[in-house]
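Take this structure, written in structure tokens, and hold onto it; I'll ask about it next.
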């Protein structure tokens, strides 16, 4: 093993040698720099390897054999090894990345870079305060040097401001160290920490305060961080990577080392400062338009989060390292990657990242880094966040958890908004000059390599953390692997991938179907078999369809893992995966960028509610099986229920949190809409099912929570149906209709009786079938007509008869008119209602029922009936692959209509387990409940016979009917002019809107718009603190120090 | 059956009034023509009926010819009576007992129809009622003078009624122009344009006369003699020629289904 | 009415006031001053309503007389402005910008008298006579009887009697 | 369960009786309306003449398949509704095909014909048809609500959805009718009844003076004949439902005729006395007057 000292020595030596070289020998100098950094990296790596493979105790090193300040006291442990490896790697990669810049600037710049890396490594390794100060000084000076060497003219100012602030910090630190040395007589950190009494009072306390506040200030806490952001914005992105990934990590490690000096009292301070920084930085990042400044805010925020975690070390116990390191390396890898990526992009606006679209791999790296930052599975941050939530909730620190989750949500907001811009917007500069391949992108192997390294590191760390988590590595889960395989296979033509996908889904179902109970089997069938049927429509898309299959399969993987999950962690991981996959899917739509954003935000919000709920339920227990929810006791149980229900409600788009759905479903691609509507929504219902199965109904302040759900379900049904009536866009109409249908299903579940659940199951099956069918059908029509506005269509029945049949069957089924399957749902609904004690929500439900007729008729009339338009006269039927699944659905609907028992009977029997009372009786073809009876086959036959008889009679008496064309109508003796003026379609239900008045105003939309406006305005307001003036920044710092001191006094 | 809608250009200047016109007292008006009309009026085909190029959603352009694409081009055919005489007799009885009048007042006579609905005359008891759409009506009462513009609408409505259908000319104007005999804008003989079953003379005929006229129509129907619709189909070309002779801007298909 | 006439006279060269009733008067004025007078009447005198715009064919004089009848709603008075324009190639300025309804009157006058109103919206669209190509029928030199005989089929056997003599015979068969 | 084939001729017999009763009843009601206006009105057999005439029309046109099927849907809805409900209580012969389903089936089958008709009328391409349908559907959303609530209230009261059982409970005598045991529900249902009968003041759907007769604008000849047949059957089928739920049902044909006539007369009496509502007015009227009654009925039952 090479001594850790060589890390420092190599850097120093190389820097010294660089000074000896002649200015012209830049190539050699650069080689030397790389060699030194490479050597340092190798040393760290060997240490990491050693610690990881053998149970080696930490090694203490005293350079001159004497205690500090006369020599350097270093320690090499697992943490140090890992962090120095990180720092050195970042340094090496940055040096590589900076090749052109360094060669141009010459050996002095290389020396400064080496010194900076050395200082950071020293900061990590050192165990004594004085050298901490020395390395800090070195770091400050070299950092300033690096900044000043940057090409940006603003960097000069930024570097100067940085120097001012870091000198203030150094002074504080030095004074603190002097006092502390005076009081304790040692400079060793551990030595000081062992004498807490000395540092608790008088000068000692001030000393401790000064030391800690200086270190914390070096972490750029809010609001004393204006200067830092100027650096991020103006410095070379490679430096940005070093500051964010390496400096941040080093300083936070230093804080972590030193914090014991202050004793337990300092932990809340660290937490408070950290969480405030996290929240406000993310808030401030919201209105940013400069990518590097945004990254800067995010970095500051992330370090704040780690600081908050450091402050919680007392409760985190063994998982402390796992969590802190997880967050730290997440930030480091992602930030380094993002800064490097930003260096390849010439423009600074967020939309400029759209040039990444030319390089799918770069885009993949981008999205990977974003997911790593937000802490989505399967990356380290996800595991860390789960453990953090678990432990915090176990200690009852829910407020902190809430703040962390809120901050993460805001962070996800601006990060995914950025991603949306990159995917969907046109880069601003694109207007000028001809577009060339690679325009706006500066690439080269030396730039690509570090980014690739970060990418590999991100996935590698994900794997590592999965292994360390002890909860089963997500990256080893078969469904996820299958989905990720499509990333590798993305070069294949779409039809091959489609076949693979269908094969995978059906194959997995066939392999596993016996493992599910009847309820889960229904969901599995919808997710897997249903997904395959929808995927048939994807054969329609030609070409390679980059990105579609990984996203879709990610969603399906999440769905499958959801129903296979047995414990809370698996459930939550699956939930996040499916959310992520569906987000990418939705984002693929042409105009779906804002809607996809609102989808991911609501979904993540919901997911965090679920996380909090599970954490609360677990009470710190390492494993929480889903059945374990049943054992949660009062007074916790209702809160767990509320949190989980809230999370699931965002997925079922219940009223209030429904506003993401219409846009997301409507703007998605033709074959994606049925996936996200017919399939994805069921995930929320599955969640409810799990929740209600295990927890039953709960009371909060005397309010029956299922009763609240009942109201929410009924109101969702009403609001969804009502809003659907007034849509002009066919897919939006269907989307709102989904809200209503999910409302019915939720209502059924919340009834908490046998038939209610059966009704919900019926709705789940039916909704999957007819909503998929309708979305495909409408999508096919939209594809042919080039519009989704219903009033622009009309009279398509003769040209697209199969699509018409699908819609016809679909609307008969939705409206519940016998003899199709929707009636079964209604029949069970009535019986379930009669079985329950609720009264008033029924009124809402009954009101919502007939309203469905309104929008359904509108859908079929304005699209297929009425007047055909000029430009649509030559339209063909929708493509075969889009029609095929529709016809399958038609067949399924008819079969389910005649023999509902095929499925329902098993579910009915299974539900006896939960509700022994009130099941159905199946005698022959008759289905009867306690109240009534129903014979689907008889109904079908009777209606069929009457219909056929009358039809035959009409055919006979009307055999000479003359077929006429569309303008052969009576028109008050006039002749119709154009189809546009003869087709009654726009604002179809004007009198209805007039009659209902206020009921039709979109209150929820306004509420959420108000919230986002408020957040943005708050961010804007706080940003005014940052004037860009160095003096102001110094004042901020002092004010921060004083404020923390006063708070400390108070506490 | 194609509709000719090429523009017809009337040569101008056209000077009318070579013979001195008489004023009411019979004195000759001055022969001078200080402001003789000298303008050329061009009849343009209706824009909405012109052929037009349309671009489909797939970007392919194609031609739309409204008269062919939007209207049924078939002509009327003679519809045979029921195969069995007894059935046709039953139908004729029912037709005579169920006369549905199209609610379309073409002239001032329309006001004379209204009293028929009132308690004093109560035409409903004879099986007569009014329908608002030609599809369901089978009696078209031309109530008084028929201007050329209205004639166009009347033809459309008549053709949209179903066989068998009947026409009653109400008032002298439908017979020979009546007091509008010298009008520049009303037709003088209704039966040149539509097959008339019954005329009810008078200016205006009283409601009693109308009821009597309907009774006569019923007798015709019962006797199977009210075959106006088939007559129209048989002599379709003759009727069309008459109609087109006075309707100069024929802007609809030849037969309005 | 007199006061109105006096006030208006200050602005325009008016002809004699013809007062038909205490609340109905007519005055003739030159074509150029019509718009000014109308605007004044509408905006300052309260004659806000255009009751009608009609024409009289003074065939012998070779002139059309256009009458713009305005109404004062609250006072219940009507005031008519008359303008004489030559019959040959008759043309008049459109006032559809003052009263949008005037466009319809002008459309009718164009069709019935052949008076052109350049700039009036839709003025050349058919109003009552669809597909009319000949001389406008309201011109007095248009011979409606001849037109009717030439254009329409007539049912033979129709007799025309002079109403005066015929009614005398009917009422007093013995002679008076 | 072996199917009892005799049910078919029995059902056809019911159909025959009800059809003729409906034809005559409609004429009678027209006559009553006429007498209110001091006219004689149509002869009692007028509807037969109209029906035969419409079948006897020689020509017809078709706008397309849905247009063609519209009246078939309509009449299937009427006939089916009649046959799904037992007509005469206690009579095996006239219990029709009610083995297929209960009250809820009848409740939802009402929409079968309406939906089909709306589609057919839609394909005719006439804007008035679409306007009429929007009005009709808008009104139905409000008018159906009190009825649904009342039905649910009755089901709650008797704890069953079987129409036969509901009638059976009311057989104890006059006072055991739902009319007296649950007057709120009956009141709500009867207000809803006014809205569903297409008579003034809720007939803006057809609105002969504004949008020539709305949905059926393009229908004629045998299409119209089918719809006329439905007009004879469908209201009675609906009234049978009301009669069974609220007015004790009928145990014999004379009672049936009497009760149906009496219930029908309710809407007629209101109709001749009131002018027409606009759609938004009628929606508000139902929401303000009828719905609260329905809500009260399910809360209090």
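Lettered A, B, C and D in written order, each chain numbered from 1.
Quick note on the criterion: contacts are C-beta pairs under 8 Å (C-beta built on N, C-alpha and C of every residue); 3 or more make two chains touch, one makes a residue touch a chain.
Source: prediction; values computed, not measured.
Here the chain at the heart of the shown protein, by mean C-alpha position, is A. For chain pairs B-C and B-D, the one joined by more C-beta pairs in contact is B-C. For the pair subunit B and subunit C, the distance between mean C-alpha positions equals 31 Å. Once the centre of each chain is set as its mean CA position, subunit B and subunit D turn out to be 40 Å apart.
Inter-chain spacing, taken between the CA centroids of subunit C and subunit D, is 58 Å.
Computed from the mean C-alpha positions, the centre of subunit A lies at a distance of 71 Å from the centre of subunit B. Counting partners per residue, subunit D has 55, 58-61, 212, 217-218, 221 as the residues that reach two or more other chains. Counting partner chains per residue, subunit A has residues 960, 962-964, 966-968, 970 touching two or more of them. Counting partners per residue, subunit B has 72, 79, 133, 135, 257 as the residues that reach two or more other chains.
Of all possible chain pairings, those that touch are A-B, A-D, B-C, B-D. Within the complex formed with subunit C, the residues of subunit B that make contact are 8, 10, 14, 16-17, 19, 21, 29-30, 32-39, 41, 43, 147-149, 152, 175-177, 181-185, 187-189, 192, 242, 246-250.
Remark: subunit A residues 784-787, 870-875, 960, 962-968, 970, 973-979 touch subunit B in the complex.
Residues 72, 79-82, 90-91, 93-95, 97-98, 118-119, 122, 124-125, 127, 129, 131-133, 135-136, 138, 162-164, 229, 257 of subunit B touch subunit D in their complex. The touching residues of subunit C, when paired with subunit B in their complex, are 59-64, 86-90, 114, 126, 128-137, 139-149, 151-155, 157-158, 160. For subunit B in complex with subunit A, the residues that touch the partner chain are 48, 52, 54-58, 60, 62, 64, 66, 69-72, 74, 79, 104, 133-135, 153-154, 156-157, 160, 251-252, 256-257.
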